[in-house]
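Chain nomenclature is as follows: A, B, C and D, assigned in order of appearance, with residue numbering initiated at 1 for each chain independently.
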Amino acid sequence: MMIIMKANATPQQTEAVIASVKEAGLNVHLSQGVEATIIGAIGETHSIPLERFEGMDGVDIVQRITKPYKLASRQFHPEDSLVPLDGFHVGGDEIAVIAGPCSVESRSQIIETALAVKEAGASALRGGVFKPRTSPYSFQGLGEEGLELLAEAREKTGLPIVAEIMSQVQVDLMVKYVDVLQVGARNMQNFNLLRAIGETRTAVLLKRGLSASVEELLMSAEYILAGGNNRVMLCERGIRTFETSTRNTTDINAIPVLKSLTHLPVILDPSHSTGYSEFVAAIARAGIAAGADGLIVEVHPDPAKAVSDGRQSLKPEAFAAMVKQVGQIAQIMGRKLATVQGEYSKNGWA
Amino acid sequence: MMIIMKANATPQQTEAVIASVKEAGLNVHLSQGVEATIIGAIGETHSIPLERFEGMDGVDIVQRITKPYKLASRQFHPEDSLVPLDGFHVGGDEIAVIAGPCSVESRSQIIETALAVKEAGASALRGGVFKPRTSPYSFQGLGEEGLELLAEAREKTGLPIVAEIMSQVQVDLMVKYVDVLQVGARNMQNFNLLRAIGETRTAVLLKRGLSASVEELLMSAEYILAGGNNRVMLCERGIRTFETSTRNTTDINAIPVLKSLTHLPVILDPSHSTGYSEFVAAIARAGIAAGADGLIVEVHPDPAKAVSDGRQSLKPEAFAAMVKQVGQIAQIMGRKLATVQGEYSKNGWA
Amino acid sequence: MMIIMKANATPQQTEAVIASVKEAGLNVHLSQGVEATIIGAIGETHSIPLERFEGMDGVDIVQRITKPYKLASRQFHPEDSLVPLDGFHVGGDEIAVIAGPCSVESRSQIIETALAVKEAGASALRGGVFKPRTSPYSFQGLGEEGLELLAEAREKTGLPIVAEIMSQVQVDLMVKYVDVLQVGARNMQNFNLLRAIGETRTAVLLKRGLSASVEELLMSAEYILAGGNNRVMLCERGIRTFETSTRNTTDINAIPVLKSLTHLPVILDPSHSTGYSEFVAAIARAGIAAGADGLIVEVHPDPAKAVSDGRQSLKPEAFAAMVKQVGQIAQIMGRKLATVQGEYSKNGWA
Amino acid sequence: MMIIMKANATPQQTEAVIASVKEAGLNVHLSQGVEATIIGAIGETHSIPLERFEGMDGVDIVQRITKPYKLASRQFHPEDSLVPLDGFHVGGDEIAVIAGPCSVESRSQIIETALAVKEAGASALRGGVFKPRTSPYSFQGLGEEGLELLAEAREKTGLPIVAEIMSQVQVDLMVKYVDVLQVGARNMQNFNLLRAIGETRTAVLLKRGLSASVEELLMSAEYILAGGNNRVMLCERGIRTFETSTRNTTDINAIPVLKSLTHLPVILDPSHSTGYSEFVAAIARAGIAAGADGLIVEVHPDPAKAVSDGRQSLKPEAFAAMVKQVGQIAQIMGRKLATVQGEYSKNGWA
């Protein structure tokens, strides 16, 4: 960390900053130039907020040299992390395709969808049971009943299940049922929830907030990793910008950026990142071509009747076409689509 | 709500939409024009999400005519809502000035600050005890010990206290201590938390999310109001934009916009909305001139030593100068600064 | 166009709006519902600004049904437009790859680069001679001397040349030399320039402004098309958002969105849309996978010595690797890389 | 300027950067710390783009210490600049209020408006004659005929006139007629236009681009100042963000930020920055309370009949009420509204 003093900073101000750096447990490297005095702060700087020094008299600029996260950083963990699911790993040569409806609505809906997406080549099943809805008057999900339906779909298909967790009080319940805990965009900085998930050993799909920077996403991952849970997958799901022709703006740049900064797998959600079913396949292809490790896609047997997100849900046949294209792109990238290996029973994966 | 069908929509598609509108409990007004067929959906449309119809075949545009919120809307509640605090009301002729440190750090720090801001003309005391921090390695607040220190400061000064709540599991504890529950920007769409607060009768300061639209802020207020708690104050605290010369961009427009859309009081936080102490007074004046009902401002006896937000905290003397200017602007607006009336003891307000 | 009147609009206000619609040369279709009166305005509405009616008393919402552009719209021109260059067409089965330095700096630099990118598979050569620079103190380009060097490079390689035009006064000069006039992001709404280019018959590469919506980009294309020049290519080059880990945010969604809205070819500029050479290949692949018709990429023989944009320029060998990958993706998309056919002499294309 | 080398940069890379710094005419101050080698580049760094070093091998971060502008900087010109108009100065104790229609439409419209705004307390008259319109089909202004009408209005009222210039080819014509050349948001980085205006000695109102940073606005001012024209006024007119409840987002922070960075006067345009007439007065008051030196406001005798911007135009009586409120705020700020002193004849100001 470098602290650049103002041109007119007094020696007393510089000394006060130096004292503060030492108090933070860091070493000091002082450089007094013609235009500026620079105080280098050396040591475990990732755990020291910039604001500690920004408010001090005489300070002009505080600039990090190393990142404010450590466990999530590729610098300290150069090899890709692999997150194991049912017989395959996310983050390696195999591309995970997670698919299913926005909300679990009924037994027939989720079973029908699970069978269809399995058939089309999906490697995991998604379905919401606790729904974060902007309006208090909208459908809020089936709750535990939905989890039971997901579990039944898993037994029928062997697909591991992914569902969103909305609060720390749901951890015990969710961990009992799901293979992957999804943290939604609106909860990316619900730090109590992140800490609670960090104490489990269940895989996590951490979605980027609507206006969260890449660095903030990695800081949220750091919360979970710091708790000892290293099965973290990151998910780009579109950011909020001025453009309104799509629901969100897919930050496709974030894929190679994240792959360079972190060892964690990166998943793209082209359903939320576009908001329109007719653009999902193009963006899914783009994501894999850009280096993503997987996709999470909304599929519904009858989007016009979906209780939520119908506008962005693919019909099963459109999803099957998309998977085929994605598989071809994967091949060019030297990868292949993951395939579920085991069978699932009440005793766990066979 | 108006559903505009595509030019080439079939009669069957139009009929399917009409059936869906009726199924939603709404009445239909059909208008078949030369260029487009329009289906008017009439009734309690605020509780029906647009997406219910957007995914249907043949639908081009779905446009709301009435707002998706009702309890928060000025249309259904034309007079200003007043939120009572210690001897004054927020939302009427009096301008509330809430001030204090970002974090409660120690007994001496919070007592000293409370006395100073009271002296300068503040009408409430703020102080964080559970801190939402981007980094898991940053100071996370004193917890219940901090609440006790805040309560002691209230006894000494008579100032009602405002503190942030981060999770639904903290509701019982927080309600026991504080006069106003603050919901932070990162939790504006933590719907479990909003529901839990809706069940209390404690006043709430609901901060706008970093990239939340004005409408989404009102939808979050609707969650609390729908629970029966109508003591809701809204807070503009800056939004995230491309501009980096300040920490956030104060959306000053949001003040008159919110005053036109809702009856709830609107507070401005010029500390977070600028991020730099040297700009706080100018933006505080602007907020009151634009029609805000109050301010929440970070004040620290020694910003350079603050554990958080030192860069944006005012020293007590700068805060006193700001209050004086704000009082003059208030007068032009036909208002005056609120003054704490009662005295507070363990038995409650005298 | 639909004009929705406020619930409390008076009959006189409605009549005034109807009169204004008729005065604009449009027909009226009136629908008086229970909740709202709707005035349908029918005819050549694309040439009528919404604001014509938005300011009228009693008007609540003005909503377009058809787009505000016509010549650029796929609705009125369903087949893809092809823009002919040297022996190939942009917008059909062939993928154009335009490459070269940000600025033409010297004879040896541009000739060396032209030979290298031709060798690697490029189908056109770019190079700036009038440079829009944020700072008045930065290098502003070689001007006509640069154009001569570009023409020499064309003679040597047969690659058509693309260069940016900054002002309407440069039209005659530029048209004499270049095959494609590039309109830069900062000039996307320089309407005088657009009109002047509309009067030529030279191909145009119209770059999207930093904060221009997809619709505004198409409106700017409409300016050129309205002048009679239909050789327009659109270029996504990244938009400005809150994210700072890359120079701009590639709006990859814009590619399928544009392909659905317009018949004009769509080119991606992954150099500007990322700003870092290490991310260019990933985003180039993503662009072609999303359906783009071509790429424009900055290549420099020695990026560290480039007078501008060195940080985002590829070395020739990295560019060659990128072209190979892009060619493979193109094949999956049922396309192939364009190849320059003809030879260029002072008498024009052979 | 500080160039921080990567931890693993080689001595050869560091030497190459040092050589490049010297080649740029700067002096070097080298600091070799434990974690990083820092190369301080000292001298006239404002004219050196960061990118000159960012593309070099081994470079991690390039950080400016001084600003990239000089003539516009308050550091080199601490006292406020005053721009003289008819008998008053913009930038001193007096608050300028520029008012008038978006477009000059007819003789009666502009004369009527001029008389009304003069009566209400305006100190200058605005009116567009060359209109930058998103659509090629919209009204593009009266051209020179409009300038003659503006001149006539000036003779009748004594109000100096402000009109937008769209292209460098209009400079001679515009300078003959107007007192202030307005550069619109879409032309803020039309560098050819800025250079041409820099060669005149006519006052300029330079509007901030829709997504231009504060620093870019100052760089554009630097273009004009570098040409020798120091009569530059800056104008905040709202930026483009995700929020859609207003047409743009007023960046009220930019007012105190600009006042701290530059000596140039700062004007606020609450008409464009909100887009709705009902919010203009609130934001006008806020602007003056935040320290703006003046306002530019759209006024039309009959907004419902305005050919452009009717939705955001004030009627003369609403404008008069606004001016009264603004005058009261000005008084608290220790300022007063400017009043036109002289009379204007064909021979110039009396």
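Going forward, a contact is a pair of C-beta atoms (placed from the backbone, for glycine too) under 8 Å apart; a residue touches a chain by one contact, two chains touch by 3 or more.
The structure presented is a predicted model; accordingly, all values stated were derived computationally and were not measured.
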Item checked: Per Cα centroids, the chain farthest from chain C -> B
Checklist line | Of C-D and B-C, whichever chain pair has more C-beta contact pairs | finding: C-D
Margin query: Please tell me the distance, in whole Å, between the geometric centres of chain A and chain C computed from their C-alpha atoms.
Written below: 33
Notebook entry, point to check: Taking each chain's centre as the mean of its CA atoms, how far is chain C from chain D in angstrom?
Noted result: 28
Margin query: From the mean C-alpha coordinate of chain B to that of chain C, what's the distance rounded to whole Å?
Written below: 41
Item checked: Numbers and ranges of chain D residues touching at least 2 other chains -> 211, 240-242, 244
Margin query: Quick check on the complex: what are the chain D residues that touch chain B?
Written below: 211, 213-215, 239, 241-246, 249-257, 260, 273-274, 278-279, 282-283, 285-291, 325, 328-329, 332
Check: Taking the complex as given, what residues does chain B use to touch chain A?
Finding: 16, 20, 46-49, 51-52, 54-57, 68-69, 132-138, 166-169, 186-187, 189-193, 195, 209-211, 216, 219, 222-223, 226, 240, 277, 303-304, 306-313
Note to self: So in the complex, the part of chain B that touches chain C is made up of which residues?
What the structure shows: 2, 4, 27, 29, 31, 33-36, 38, 40, 42, 60-61, 63, 65-66, 211, 240-242, 244
